[in-house]
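The data blocks that follow each hold one structure.
Next come two complexes built around chain A: one with chain B, the other with chain C.
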Partner chain A sequence: MRPILMKGHERPLTFLKYNREGDLLVSCAKDHNPTVWFADNGERLGTYRGHNGAVWCCDVSRDSMLLITASADQSVKLWNVQTGAQLYTFSFNSPARSVDFSVGDKLAVITTDPFMGVTSAINVKSIADDPSQQSGESVLTITGPTGRINRAVWGPLNKTIISAGEDSVIRIWDSETGKLLKESTPEVGHKKQITSLTKSADGSHFLTGSLDKSAKLWDTRTLTLIKTYATERPVNAVAMSPLLDHVVLGGGQDASSVTTTDHRAGKFEAKFYNKVLQEEIGGVKGHFGPINALAFNPDGKRLALHIDDHLSGNAGTIRWPIFVGMMWCANVEMGSTSFSSGGEDGYVRLHHFDPDYFSIKI
Partner chain B sequence: MSVDKSAKPSKLRWGELDEDDGEDLDFLLPPKQVIGPDENGIKKVIEYKFNDDGNKVKITTTTRVRKLAKARLSKRAVERRNWAKFGDAVHEEVGSRLTMVSTEEILLERPRAPGTKAEESKIAGDNLAQLGKGGAVLMVCRACGKKGDHWTSRCPYKDLAQPTETFIDKPAATETAMATSGATKGAYVPPSLRAGAERTVGSDMRRRNEENSVRVTNLSEDTREPDLHELFHTFGPVSRVYVAIDQKTGVSRGFGFVNFVNKEDAERAINKLNGYGYDNLILRVEWATPRSN
Partner chain C sequence: MGEISLTELEARAAASGIDLSLIDIDSIKLPPGDDFGVISDDEDIYQEEQMDFDYGLGNTIVVDNLPVVPKEKFDKLEGVINKIYSQIGVIKEDGLWMPVDPGTQKTLGYCFIEYNTPQEAELAKEKTNGYKLDRAHVFAVNMIEDFNRFMKVPDEWAPPEIRPYVPGENLQHWLTDEKARDQFVIRAGSDTEVFWNDARHMKPDPVYKRAYWTESFVQWSPLGTYLATVHRQGAAVWGGSSAFNRLMRYAHPQVKLIDFSPGEKYLVTYSSHEPSNPRDANRVVINIFDVRTGKVMRDFKGSADEFSIGGAGGVAGVSWPVFRWGGGKDDKYFAKIGKNMISVYETESFSLVDKKSLKAENVLDFIWSPTDPIFALYVPELGGGNQPARVSLIQIPGKEELRQKNLFSVSDCKMYWQSNGDYLAVKVDRYTKTKKSTYTGFELFRIKERDIPIEVLELDNKNDKIIAFAWEPKGHRFAVVHGDSPRPDVSFYSMRSAHNTGRVSKLTTLKGKQANALFWSPSGHYLIIAGLKGFNGQLEFYNVDELETMATAEHFMATDIEWDPTGRYVATSVTSVHHDMENGFNIWSFNGKLLYRTLKDHFFQFLWRPRPPSFLSPEKEEEIAKNLKKYSKKYEAEDQDVSLQLSEQDREKRRMLKDEWEKWVNQWKLLHEEEKLQRQALRDGEASDEEEEYEAKEVEVEELLDVSEEILSFEYGQE
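And now, the complex of A and B:
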């Protein structure tokens, strides 16, 4: 495959998010402008201007009209996806690290970092249908975990909130009361900071990536460890294929030591693993820095075939019956399922899989 | 041009046409026609052109546009496709090239190509099995003399027991070295001749290199050791391949040596490859004659 390189950001990428249909891709970076791209050809649609700090995370509503971004400028902003207009700003007293819309887009969970004596917190905000009616009141605030909470997402039916962060513990909270329901034990849990968390397409299980060079697959309801994927690099980003039993891990050596070593030593490939067998399938190279963000196109296998066969083309005579059935030119685009990766190098790489990807055997 | 226009195209004489060579005469042609695509997806484009001889030709291009599978594209996604650009994307410079297709073909790199590694180890196993069958024990430790257990470099007894021959040689070597160093003080002494150096190594290596050694001459300059190995390994296990390379120029000197594990293999290789055309040169393959010193 020939990946599409998107160089819209001047600083390292932090997060990538497809909309539900998988035709738009929102990228967040440490520069202040989240950017939206067409996911098929990588064309830039627009940028959302207004943040004054690194943007750590974002989410797109189900109807692809509302974008929410969390930024280190201690704010979370709501945007109109289409126009780039700022709709609302939630202000916090510490940097916002992650956001996630609930099912139904009525609620959003926002995590904030520990900062200047303020402890980290998980905030639940209700999202109004009409942005003009939007209020900044928190429905629920959960505090407790020490250190940064790198990611918090909604559990099934919005009944729970799953959080993970610097203390390497995964916690499941009741989203109504804020009570701690379950937490991972040190025996089975990660040994180091959890950097990323992503839910499966149906939400039944989720995957966490950690700096302890592993990724773990968990059951959403019971928080039992299902699988562990061991790798030889710190994991910064994880993604799960919506189609196949594939898991992608991205990462690489610490950004501070990248310039001191050869790029091959950095292990900046995105690694594909078989979800069930926990075996490595392959690696996709390309980035010059560690991968910070990974996303799979949720669209599934989209089959687009454009066949243009020139049956005849000859001066003077029409000879086309001779050429019937003979294809002169056929552009077959198949299975445009794609995944994208964003790296410390500031590039987003959009990979459309080759057809043989779908028939990989271990 | 203006003259042409005032004159009616139909009355244009060919003689005049030849005079203004290279002028665009397309206005003389009937307009381009596009028919279809019809319900069968057949699209016809009829164009008229002057060919090189100045004759008018009709070009009919028939194209069939087929939609084999419906792209599962939601209506709203199609709508979004037509959204106006906003933010920085509005005044994007033409040459900014934010989006590029990688010039490099990136493949999903398998940790190992399916089946390859297993095969390789199988071949290696075969080789060893073959050796065992042939009765020749390849793996002889030169440090402790044990056969078939480990290689010299991996000898676990290397540090414990010095090989007897070096023990005997050593004092003599030290003596001579001291003598020479006394005689020519300050002159360069190569490491191999210095006090304490193992003198036997050289001769030992040479002896080893002469076992079943085949000399290959008239090699082309581009031939490298892997090439020779590829050429010779079909005859049997090869223990060493060497191509003489000019140290100054780095160019092959046109000859090399191949050592076989089994003498019969070497013999077969000589019989087969002597006079063999390789890289447009005719190889000469023969037994390597022991160095005369």
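And now, the complex of A and C:
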């Protein structure tokens, strides 16, 4: 089947999020305008205009009414998903990196970067039912970890917050008191910066990807290391199938050393692993830059992956992609036997897959 | 912390209830920079070095037999000495000291000179010992260290202590492996590891591992007996039956390169030192050690110019190995090329054969036959073409010229010996008439035949560039990669044709291969046509007997290929020297089946442990080859057992993993269920937890966009 091309963003994508039903896909990019798409056919529904900086992360409420976006313009905004209206703006004094709605959508956890002497922080904000009643007060602020916190998500029953970032340590915090409950030890933990973290559908376990070329699966409640998936590339993005015991890792050679000879050298394919056996099952080839974001459709039948080519960058620091003007985005759609990828030109391509993905036997 | 003697240590260990014999000393890691008073094995060498710097004796010489002069002439003599010795190196400030007899005020006839470095002092000693100042005064120059050393010799002779004979370890123990596996060494990061290639189990089986084993590289001896490591203080060899024990050390400060003789009797070490005067060439020190005793058999010292190719200028630097070993595995001769000569040494006395070098005007290159004491040398064209270029075969020790071939309008020559020394191929690049371009031909020498016939071979298209050339080991065939990148051709030739054993014939040409290198199996018959580096690691496993491709494969970005010594397996590797990603190695069977792959970051070296030649006679080998079926039965059965066992193990492992996972999931489900109510509460009582329970409804929405009225003209009676 010919791929369907979806043109939307003009700069590299940073994050992908499906709503609960899996009919909408929200994409965040460095071009300031989060975009919402029909997850089915890749048609663009609209954009959310108002941010003045790269948008790093987003979340959609359970009823698909509310969108929250974190941006490098030092703000986090609430939007009406349907109309695109801006409902509220939380202001910070450093760039916001990640957001996550709690169970019940009454709270949101927001991480902010270290910036101009301000240390990184995890902020908990309460989300009002009526946007006009919304206040900017933090319910809780946690500081402590050094370096950027790349992702913070809610634990079971909103009792804990799990954070991971540049210092390669995974931490579990009490969401009431802000007390540190658990942290991963250097023996079992990652050796380099953790770039991504994603929870399983039921929140019982989560997967972290790191630049140490591995991804690790952890128990959310006990922070026990369950599995390690070793790969050949730095991992920038991870995703877990909600239906099958599959995990997908995306990443690629560090931008500063991306080869100019052959795209295979960079290891830009998305790799599928068997979650239980930790064995590689397959890969999705065809990309020319590192993969930056991955997301599975909650119905388990679609996967969106984002590829970003960050060919320039600050030497020395390993980072989230520093933008050059190339954008790669991919979306693997599997139940509907299709997958899509996007390129330098800012297109998203929908490809079709073999139906036997669901009957893979090992 | 003070030093502890061994007895004290034992006593202390006994007191605290530790059995010392059970402790693996190597496994103890001390914090860096603190040795807890334990002297390391290398300490003696280390201390010697330290002493040099502390007392500065290593760089001081004593010059004797100077004229004895009164006070008035002191300054003049000092000036003369200063002039002589500052030509050789930089004398330290106040480094020249000429003692004066306090009674007579005359000099005592000797002086001390201190240089900046021990190398300079050594050079000064070499150059001026025996220097004639005038007829009565011939300098006697010595290192002050030597004085100290000889002073220490005891006056009474003591009989040397005779040590009881201790049987050595079996250094070839690895050959007795029951599964007939081969070993290899890899170096990745700071670790050096030796493995068995366990092809049956599709994995490497660790033998020995050591961090910081070497400071630059490791190298097997040519028969595989020793593994050599290179350190700042010198080289060392390791081996043994159980583990890798250090067998011998060869002190050579700042050693850079090492080379074994083919029969591994001798080890050549090389170092190059910056001169104190930047305009001078580097100083080169080469030592030849006896591998087993560790004794220096001969040392060579001089400026880098003397050791560089052709002795001319040394722009290209020293080409390693400087000394090339000849005469096969007997290690009888070694030779180096110099300006207009080739110096051949023999190992009985470590001196020049016939006490003089072989004169060869403008010789550019020479290469020994791998088996016989014969070498081929190449002399380029001289006098603008008046004197043709020449390739000669010289036999040692007689230095007779066995055969000579003059060649015209030559731009370059490369010589390739076949591994049995049966054939020599000379690749000759000649200028075309216009001298604007070159074309290539081969001169093929049949060494073992009477009068050494020479045959000229030109490629079908003689303008083709030759990219690679390789003889079949122990065979009569060779392969050539020729043509233009990116898709050159590969041709196979045999030194025999179907009817005539004395004629070269072409076997076949493969068109348009992505290849730039050829790797014959050490037993012949099979060949890997490889496109390394720029060609991304394309591999073609080719059977030359049947002239067919057995398999094509790719090891992406592969930089190196090495056959195991038996020709059963091949290792392809990506080393970090050329490429940063995907470092590691793959092991293939000879017919191109990938057996296993190992990834290692910062991968530097992969080396198979060589095997000594087989003791089987050629007849016996032939018999085995003929009755291979009979012999292989046993191994095939073993193979099957192993593979059954493996799949059984595999299944078991998977089942275990699955069970374990099942346990996790059940536990999670339980907790998830328990928390269900609480979760509902958090969601304001919304019950649906799981997503399957929703119903899709199609809702039709009608929206009135606009209402407008338009008057249409209507003409009556038209219908």
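Convention: the second predicted complex is superposed on the first by the 301 of 362 C-alpha atoms of A that agree within 3 Å, B and C clash if a C-alpha of one lies under 4 Å from a C-alpha of the other, contacts with A are read in each partner's own complex, and residues count from 1 in each chain.
One rule holds in what follows: a residue touches a chain if its C-beta (ideal position, glycine included) is under 8 Å from a C-beta of that chain, and two chains touch if they have at least 3 such contacts.
Owing to the predicted nature of the structure, the values given are computational and were not obtained by experimental measurement.
If you count the residues of chain A that each partner touches, which comes out higher, chain B or chain C?
Between chain B and chain C, B touches the greater number of residues in chain A.
Tell me which partner A:21 touches in the superposition: chain B (first), chain C (second), both or neither.
In the superposed model, A:21 contacts both chain B and chain C.
Just checking: does A:82 make contact with chain B only, chain C only, both, or neither of them? Give me first, second, both or neither.
The answer is first: A:82 touches chain B but not chain C.
Once chain A of both complexes is superposed, is A:11 in touch with chain B (first), chain C (second), both, or neither?
Neither partner.
For A:62, is the partner it touches chain B (first), chain C (second), both, or none of the two (neither)?
It touches chain C, and chain B stays clear.
Of all the chain A residues, which ones make contact with chain B and with chain C?
21, 299, 362
Taking the touch rule as given, give the residues of chain A at its contact with chain B in the complex, in rising order.
Going by the criterion above, the answer is residues 1-8, 21, 23-24, 33, 35, 37-38, 41-49, 63-64, 82-84, 269, 272, 280-286, 299, 302-316, 318, 320, 349, 351, 353-354, 357, 360-362.
Taking the touch rule as given, give the residues of chain A at its contact with chain C in the complex, in rising order.
20-21, 62, 102-104, 106, 156-158, 202-205, 219, 221, 226, 232-233, 245, 253, 257, 259, 261-262, 264-267, 275-278, 298-299, 362
For the complex, which residues does chain C have touching chain A?
Contacts found on chain C: 534, 536, 556-557, 579-582, 599, 654, 657-658, 661, 664-665, 668-669, 671-672, 675, 678-679, 682-684, 686, 691, 694.
Enumerate the contact residues on chain B facing chain A in the complex.
Against chain A, the touching part of chain B is residues 42, 49, 51, 57-69, 71-74, 76-77, 80-81, 83, 85-90, 92, 97-111, 114.
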